[in-house]
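Okay, so here's the structure we're looking at.
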């Protein structure tokens, strides 16, 4: 039991520490794809260190909410990292790893971020919050729909059980999952402020979404916000891997399978990060008014996945 | 062997006219090839009269009492239309509406169209029947747009898309039919042969056949011009050259209906007939009523008679839907006489509008003065199509309506109203065209008016006397269709 | 290959077909539409070959080959040439309200399945579950045909519908007799040619390939 708890904690710590690296890897890949040398994979760590060493500046009218938000959001993401079966399923806290709960945790972090952005009362903060909520309001149902297809296949909304079913039962092709995977990818792009919905590399006032939200933060607050964003991206990536490519995730807590999981994880993440970078390089930013269309497509694809699953495999 | 000749002659004609269709004598060649086809068809008919129904070429082709008269009719109308089109198209060329290349296209497509019609009629394979029906659309679509005017291009595009989509539904229906047949007959070629299907029709799975028939009805119904799938029909008839309107109305609609009825026989065998009968009666009645009310609003002479075609096709579909020996007999007779009378009218209208330089009925006046034969041809044709005794249309309409009165009294008021409205509309339009005051001069060129009167004479004859073998075919076919 | 794996693969192909049909519905660019159409043909050919392999129906190999030649190579090639000559290669259509269109599309999928459900269980083929998808993709192409206002996308919608029908034929039965399939293929080919000729006439007469411009013939 103690070993299990240790692994559980270890997994969370690993994810929290790895998150900036993953973000760095994606940025590095993008740089390579754009024929730039790039700042190196460790750049996010350097940025974090720099930010933590600075003194924080707060707006005069900033309330308690504004100061608390970075900690709340970071906490939410750590909690998410804690329950997503990144290395092993069937850990002590697995029963809590419910996909619907996960969506809730993400939503909690987002609501606080939007509130904090409006707290200062600047025009950009409010605009960013509005846009963020517009995207989120459409992305969330799509994400839920995405989860329902694997949930139907494994008859459970627990991530742990889903991973079990998909990875360790005789191999079956689920066409519905393919639709869900594409929809998930679209949601991932939208939720993590990546292209084509938002450009993480720009501070152009009129188009930014995510950057507008954290515009008023500085020093350790900004560091936590950035780290939380990195964590969110990694959480989504591991979630996607758990749902659509669960092979290698340890089922039992013993040495060999854990080592296997530890070996698989970096490989899978590296591939996923490179693919993400490629996708971002290939796509152009959509106008903000196209975002609803983009997310509606994701939603419809997820519904379609659900339908094909129910109709094709439910009937058989 | 005559069967092969019936099919190969139009193909040879198409090749020949593809090579020389732009020459001055092409019209004569077209007529000659059509005549050869007619002779072959007549010989085939004689063979069937003598020896009865026959299968040929590994059961790929099939002639029975239901399609033999349609084959003869198709070849006949094909021939007379070719006769009519020879001077007509030459005048069009003089007027500069088409050039030599398009004349070649016209002649080659005309022969191809005849081939597809005959193939659809003669084949025993439901799949080939579909292929031939689709090919008929393809062969005629460039004919509809022959003048390349914006209106004709639009009409052709509409025709293409609507009929293409419609006929695709029919393919789905055919696939389902094959699916049902495969379970009884096993996979392979025989499961689409109508004769085999007919033998096992009572064993076909009803639920599949229901769906198949609905798709086939929508598909072939589009081609028949049943309301609400009719919107391509008036445009295509009005904007294409008149000979094309004549064969579309006189032949294509018939053949599409033939395809539908062949499939109906199978569906009836599996389903017992209620569904098919109700559907066909419903669509038929709707077509009759809607078309009749559209008639009165038409300004264009060819559009007017196109709507009249929809009305008559609706009536025939309704009669097939009622079923029973009398109604089916009447439907078959009506197919024959409508085809003859309608093509005669299109010939007359074609000449009249060619002379007037417009198809607008308000601009065509006093045909009896300018050209008595055309005037009388149009008048008599209109009277025939409106069901005046003693023309054959009267006989068939009378039979249909009396049967409807006896078996489906609820439908009679609709039918009678529609026929009344149609009468008022068409007669009201045609009367001033024929007898109105005119300042026009006599037609400078002699019209090819012979086909008009031959057709009308045949319609008249069929009204008073049906040859015994024809009556026998109708009866046998009626027994087959049920 | 085990029967269950074959069924799964066929289901996968069917879903891909449906996915492509949806993508076509939402695709604005003419060029991408042609690519999608070629992909659809490729999926179709693969599926047919797979069914042929699993069931040892040799005539299906021919039909797979026919599909490959016609729908992956020949027709897209003709379409490419067509858009080159018409100079509409980079055309982008303005489609209003794609989400609504897609939502109706999802509705059509459900309808297709409900219609096909009672009869697909009668089938004994490995492909039986896919009849609903075939019908759904026919309906989706039909819808594409309705929503498009330009000539070339309409043509592609028309051809995609034929793809759906072909898929129906291989999923409900093991394909139609070869002679029928050849005939259908010929019709499709000739039809595409005529469409091609036709678009030139249209442009000559209207200076546009916009179908809206040519809707003059209406009942008054």
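Going in written order, the chains are labelled A, B and C, and every chain counts its residues from 1.
Keep in mind that, in the parts below, a residue touches a chain if its C-beta (ideal position, glycine included) is under 8 Å from a C-beta of that chain, and two chains touch if they have at least 3 such contacts.
Everything numeric here is computed off the predicted structure, so don't read it as measured data.
Student: Taking each chain's centre as the mean of its C-alpha atoms, which one ends up farthest from the centre of chain B?
Tutor: Result for the farthest chain: A.
Student: Can you tell me which chain is nearest the middle of the complex, judged by mean CA position?
Tutor: C
Student: Which integer distance in Å separates the CA centroid of chain A from that of chain C?
Tutor: The answer is 37 Å.
Student: How many angstrom lie between the centres of chain A and chain B, each centre taken as the mean Cα position?
Tutor: Each chain's C-alpha centroid was found; their separation is 65 Å.
Student: Distance-wise, how many Å sit between the C-alpha centres of chain B and chain C, to the nearest whole number?
Tutor: Distance between chain centres: 31 Å.
Student: State the interface residues of chain B toward chain C in the complex, per the touch definition above.
Tutor: 125, 127-128, 130-131, 134-135, 138, 141-142, 145, 148-151, 153-158, 160-161, 164-165, 168, 171-172, 175-176, 178-179, 182-183, 187-189, 191-192, 205, 207-208, 211, 235, 239, 294, 297, 299
Student: Mind listing the chain C positions that touch chain B in their complex?
Tutor: Result: residues 57, 115, 118-119, 122-124, 135, 138, 142, 145, 151, 154, 158, 161-162, 165, 168-169, 172-174, 176-177, 179-180, 183-184, 186-187, 190-191, 194-195, 197-198, 201-202, 204-206, 211, 214-217, 219-220 of chain C touch chain B.
Student: Could you please specify the touching residues of chain A with respect to chain C in the complex?
Tutor: On the chain A side, the touching residues are 172-173, 175-176, 178-179, 292-293, 296-297, 300-301, 303-304, 307-308, 311-313, 315-316.
Student: Mind pulling up the chain C residues that touch chain A in the complex?
Tutor: Residues of chain C touching chain A: 5, 7-9, 11-12, 14-16, 18-19, 22, 26, 98-99, 102-103, 105-106, 109-110, 113, 117, 120-121, 129-130, 132-133.
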